[in-house]
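Please see the structure below; I have some questions.
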Amino acid sequence: MYINSTVIRMLEETIIAIIVIYMVLRLFVTLDRLERMPYLNVINFSVAAIITIQNPSPLGAVTSMIYFIMATVAANAIAFTIDKIGEIEHDSD
Amino acid sequence: MEEIIAIFIAAVLSWVNFVLIDIWMGLPEAPGVKGAGAIGKSIEKRGGDLGGGFFSGNIVCSPDASAGTLLASCAYYAFGSPEGGLIAALFVYFGNRICADPGYAGTSGALTTTILIWLTSFIGIAPQNFIVGMVLAALTIQGLYHPVTSKLIGKMARKMNRKVIQDN
Amino acid sequence: MITTANVLSYVIVVASALIVALILRLPLLPEKPMRQSWTISIIFPTIIIAIGLFAIINYFKVYNNIYSAIIIGIFSAIFSKYLLERAFPKPDLG
Amino acid sequence: MIVIDFPYAAVVLMIVGALGGILQTRPIDKILMLAVLGDGLISMMSVYGYLDVAMASSFITFVGIIILMIGLIRTLEIKKAKGELH
């Protein structure tokens, strides 16, 4: 039973690690700034998932929730700033 | 092999759950904040659909039913009982209010996910399968190829009577 | 763990929050295009806040009795009536 | 069955975030890569079980990113009002 449960957790960890590596390489290659934001969102999802999968306790769940909400607020600020910078530089031409 | 089948079933269930709730709560209609509109227009410029672009931008910029599904399955797995889904609904509601959103989509997504996991636990699908399934579902929406998925979301939104409202 | 005794406690939380919110004259439902309204009503934030707070207390198994259920219902109704607009204000930009 | 531990993915996140922060020249790209670097750091801390450090670090990193964004917008507006942009 114990070996079976560790094998299950290894499988999920492997899937999430492959997703993270693929997404971060694609984010590094892409040059368009607004195209990068959905890839960053997938990385946030994966990290919030791996926090709870590695630590199955109430503190792990609370850490995952706080991480995901703060990361979403930061992504909101980054997208707003990209839009605002485009406006400012477009007006100055 | 059984775990791979369970993860696949959980991925399909959470995909259907969060896409249907997000479209029904009107995410493809209008961008909630300014950055979501910019992401949507960028996806439309690269050959996608405007409604699907607003959907994707709203998911990036505020925790909607996708975050509700992920955090409810995380809390169900960590607390070990359906009470975790209720706690996750409370946290997602506060996070939505921080991000300038009314918060209907995230809360209803968390509650429906709790009911869904409680029902599928009788046929042997564990909550950790739902966590990985939600990451796979977010990958298929946000990560693979934006024009095709945004056209698919736009077609579903037009079928569910949630068209894009042009206000600006 | 949710058992039958705890289901009774959850019912008491919902009933307490609903009665106090009706006394405070909150509306029962938001107005009609429901997915865009910012109205604080009984169904949407009050009962969600009450159930979530009671689930946090119920996990630790110390104060999970009927009296704390009634107190949490009263507190969540008062919170959503007077303090929620002040804690998380409605954004003014579109 | 092939198994990849998650610390390798966290290392890839941190290396890509650091390289991107060095190689890209615009300030907005640098701050986005700082977010990727913070993701790698928080996931590495939480994989090895330091949950309190991860919680405090997620608060501090993302609130710091928001404050940097406000400062960047303010700087560009002042530059534009002085006429130094382009």
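Think of it as A, B, C and D in the order they're written, each chain with its own count starting at 1.
Quick note on the criterion: a contact is a pair of C-beta atoms (placed from the backbone, for glycine too) under 8 Å apart; a residue touches a chain by one contact, two chains touch by 3 or more.
Note that the structure is predicted; figures quoted are calculated from it, not measured.
In terms of C-beta pairs in contact, the better-connected of the chain pairs B-C and A-B is A-B. Per-chain Cα centroids separate subunit B from subunit C by 24 Å. One simple way to say how far apart two chains are is to compare their mean CA positions; for subunit C and subunit D this gives 37 Å.
Taking each chain's centre as the average of its CA atoms, subunit A and subunit B sit 14 Å apart. For subunit A, residues that reach two or more other chains under the stated contact definition are 11, 16, 40, 55, 58, 60, 73, 75, 78, 80-82, 84. Shared contact sites, meaning residues of subunit D that touch two or more other chains, are absent. Shown for subunit B are the residues that touch two or more other chains, namely 34, 79, 84, 87, 91, 94, 98. Interface note: chains touch in the pairs A-B, A-D, B-C. Contacts from subunit C toward subunit B in the complex involve residues 1-2, 34-38, 44-45, 48-49, 51-53, 55-56, 58-59, 88, 91, 93.
Across the complex, subunit D meets subunit A through its residues 1-6, 8-9, 12-13, 16, 19-20, 28-29, 31-32, 35-36, 39, 42-43, 46-47, 49, 51, 54-55, 58-59, 61-63, 65-66, 69, 72-73, 76-77, 80, 85-86.
Touching subunit C in their complex are the following residues of subunit B: 25-26, 34, 79-84, 86-87, 89-91, 93-94, 97-98, 100, 102-105, 107.
Across the complex, subunit A meets subunit D through its residues 10-11, 13-14, 16-18, 20-21, 24-25, 27-28, 33, 36, 40, 43-44, 47, 50-51, 54-55, 59-60, 62-63, 66-67, 70-71, 73-75, 77-78, 80-82, 84-85, 88-89, 91-93. Here subunit B touches subunit A in the complex through residues 3-4, 7, 33-39, 42, 46, 56-57, 59-63, 66-67, 70-71, 74-75, 77-79, 84, 87-88, 91-92, 94-95, 98-99, 126, 128-129, 131-132, 134-136, 138-139, 142-143, 146, going by the rule given at the top.
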